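Here is the structure we will look at, set down as structure tokens.
As written, the chain order gives the labels A, B and C, with residue 1 at the start of each chain.
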Amino acid sequence: MKGIDRFAEKFFWVAAVLSLSVTVLIFGFMVILGLPLFKGGQFFEILSKPWLPDRGIFGIYPMIVGTLSIALLGLGFAFPLCLGCSVFISVLGPKRLGRILKKTVQSMTGIPTVVYGFVGIFLLVPVIREVFESGSGMCILSASLLLAILISPTMILFFSDSFDQVPKPFLDAVDALGGNNAQKILYVILPYSWRGVLTGLILALGRAMGDTMIALMVAGNAVALPDSVLDSARTLTAHIALIIASDFESLEFKTLFACGIILYLFTTVIALLVRSIDSKSWRRK
Amino acid sequence: MMDRVLEKVVTGFSWICATVLLGTVFSIVGYLLVNGLGTINVTIIFGETDPVDALLFRKQVFDGLFPAMVGTFALVALSVSFAVPIGIAAGIYMAEYCRGGLKRIFSLVFDVLAGIPSIVVGLFGFSVAIFLHNYFYSRIYPCLLISALSLAFLVLPYLIRTTQVSLENLPENIRQTAPALGATKLQNIFYVLIPRSLSGIASGVILSIGRCAEDTAVIMLTGAVTMVGVPKSVFSNYEALPFYIYYISSQYSDKQELLSGYGAAIILLVICGLLFMMAFFIKNRLTYHALYRQ
Amino acid sequence: MDNEIKIKIDGLSFFYNEHRILNNITAGFPENTITAIVGPSGKGKTTFLMTLNRLWESISQARIEGEVEIRFGDRFHKIYDSSYPLSQLRRLVGMVFQVPNPLPMSIYKNVAFPLKLTGVKDKNMISGKVETALKRAFLWEEVKDRLTDNAFSLSGGQQQRLCIARALILEPEILLLDEPTSSLDASAGAVIEELMLSLKDRCTLLIVSHYLDQVKRIADTSMELSDGKLHEYPNS
């Protein structure tokens, strides 16, 4: 191999290794900087305690609850919406309307989360406040609604791509046997593309749990454990943004690394889950 | 009959979903435009300062969005110039040189990198800055450089993935043509494969630009602030549009400031919208140029 | 003996993007016969078949003129009338495609699928009908011990017979077959030909074929579709 070939291959390889190192380094940094937490055996305690800085208790349990409730509720709103929209785009809607919807959804992927947060504060929060007549309107419900809109475009495109990949002979067979569109969707399209749907769902969950700005701007950021969807809550991500201003050496600050580690581990689990769904593809003819 | 009822229900549901989604996105964009379009003028960007002076950096702008726009521009330019060479190179490695178990490990790691929440990347950037400050170079603080590096980490996986997928999707016969004529692997990559995948790679680059422009979580931990004007060097603090929007939403002191927030949101939307359309456009045009122009 | 006419076509024209594919066709097809449609490739034979079960309607730039009537029971029904339910039409007019298209399910579920579409729930009835359909399609002996296997584990010829069984389970009165043996080898094709002859007593079959020797072997009448028009094709 000529010299330049060898050099180029090395260069590409170095770039890949560099990227891999960064990923590992991010985790490593957080573990090292959060080491005091592990040493005292406090890490697992922190996961289950509330956040009461005046009493010297720096538990992030309320933030874990906040992250899970906002993300899962948002997903709960988004999933049926996305199924309906992607079915509209790929199967049921008139072709031209379907294309318009798809183009709109593609454009939506470019809307920054901070813009959703901004509009949420001034448009959604007052409405929630009026309709439910309790609290300030900055609550789990508001954040989940906005989050649902944030994660929908990617999910819709994912689902719709999966539906489009159903081989046409299957659709022809259902048509020729007198099946209607609903039957086509329920008996052939959905069973065939369940892997794509599940993958899209899991990726959306990851995105929902990792979002910062919507929760930070609209969920209220209270540290108390939320009782209902109309309560204010704080997510792990918002917590990092809020506590970053405190003293770097303090225990308070170190809990941020605990948040980071949890979020990172969660990301890894999601990546592994998605991978395992893919690898189980059946053998076809 | 049951199936006719089911058909009606399913069809009705999908129409409702489509309407809800379209209604929501048009409400959001419409709300911004209605409230903020009127504020878009030279003043909102340049404040009291003369535009020409501001553009030539002769005078500072104190009450306009210009510093934030410059900050965002500088940030994006820096982070993309870090990320693109490494991302594309790593993507080439994944598609052309990496195989088997090693490839699966790299793939998994890059999937994880792609999923890391942006605030965690910001936390990492912040910690690195403090670490360097304490142990190496006491003049390092969270700054433009740190933000740009952190954003580069954020978009790296997108670049790797789009490059890898574009290359891997090339049909087998295209891959075999040049080697059959005696070309080396590297020559094949540069003269045939990359030009063919240029559209995919380019759209990946442009989408990364959009991602850098819109991110708030990373930059708010690594050096974005308000009211410092145009960044003086890569080691200084800076302003950025997304951070300004966040800041104004909770700290606005009068109607005028709030309106500037709307204006900033519209400008940011337009920038990201233009980038998105450019990605789409380039994807189509570059294919033409790479294949047909000499 | 002359059989009664089962399908009546009057002034049928088919347009795709305003190109005239079928040109003012008037014809009648007798009951319980096999009619072969031959002619040059790509000139509308498949399209013609699809006008009889309205399967072309999912194509957006296509339209039709003229009348198609099919006799179900004791009277003719205009099948393009908006009052005639589409799903019912397709249960009485079955279709078999050129390339076998089993659904991604087991052999049993494939054949039972049309029953699922019509809402039949009785498990005993379903298994009885599945066995009958597979026997009519000359496939029962080969698959009776592996009904839960994936349909794609069958050979090409077996898959086609599976698709025929699936089309037969609702006991259609007309069967449309679009080049049913062209993706199969000679021996698999021969089985299908024998099968089609056996179905004549309860079905009216229309077959598109470009194997003229096949046509000679099994068709009662042949028609040639050329220039959008149907002519009698001498079958000596």
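Here, a residue touches a chain if its C-beta (ideal position, glycine included) is under 8 Å from a C-beta of that chain, and two chains touch if they have at least 3 such contacts.
What you see is a predicted model, and the numbers here were worked out from it, not measured in a lab.
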| item | value |
| --- | --- |
| Farthest chain relative to chain C (centres taken as mean CA coordinates) | B |
| Selected pair, greater C-beta contact count between B-C and A-B | A-B |
| Most central chain, Cα average position | A |
| Rounded Å distance between chain A and chain C, as computed from the means of their C-alpha atoms | 49 |
| Whole-Å gap between the CA centroids of chain A and chain B | 18 |
| For chain B paired with chain C, centre-to-centre distance based on mean C-alpha positions, whole Å | 55 |
| Overlap residues in chain A, where contacts from two or more other chains coincide | 180, 183 |
| Overlap residues in chain C, where contacts from two or more other chains coincide | 87, 117 |
| Touching two or more other chains - residue numbers and ranges from chain B | 3 |
| Chain B residues touching chain A - in the complex, by the definition given at the top | 3-4, 6-7, 9-11, 13-18, 20-22, 24-25, 27-28, 31-32, 35, 85-87, 89-90, 92-94, 96-98, 106-124, 126-128, 130-131, 153, 156-157, 160, 184-186, 210, 214-217, 220-221, 242, 245-246, 249-250, 261, 265, 268-269, 272-273, 275-276 |
| Of all residues in chain B, those that touch chain C in their complex | 1-3 |
| Of chain A, residues touching chain B in the complex | 1-2, 4-5, 8-9, 11-16, 18-20, 22-26, 29-30, 33, 80-85, 87-88, 92-93, 97, 101, 104-119, 121-123, 149, 152, 156, 180-183, 185-186, 203, 206, 209-213, 216-217, 237, 240-241, 244, 248, 256-257, 260, 263-264, 267-268, 270-272, 274-275 |
| Residues on chain A engaged by chain C in the complex (per definition of touch) | 95, 169-170, 172-180, 183, 187-188, 191-192, 284-285 |
| Chain C residues touching chain A - in the complex, by the definition given at the top | 53, 55, 58, 60, 86-91, 94-95, 97, 99, 101-104, 113-114, 116-118, 152, 163, 166-167, 170 |
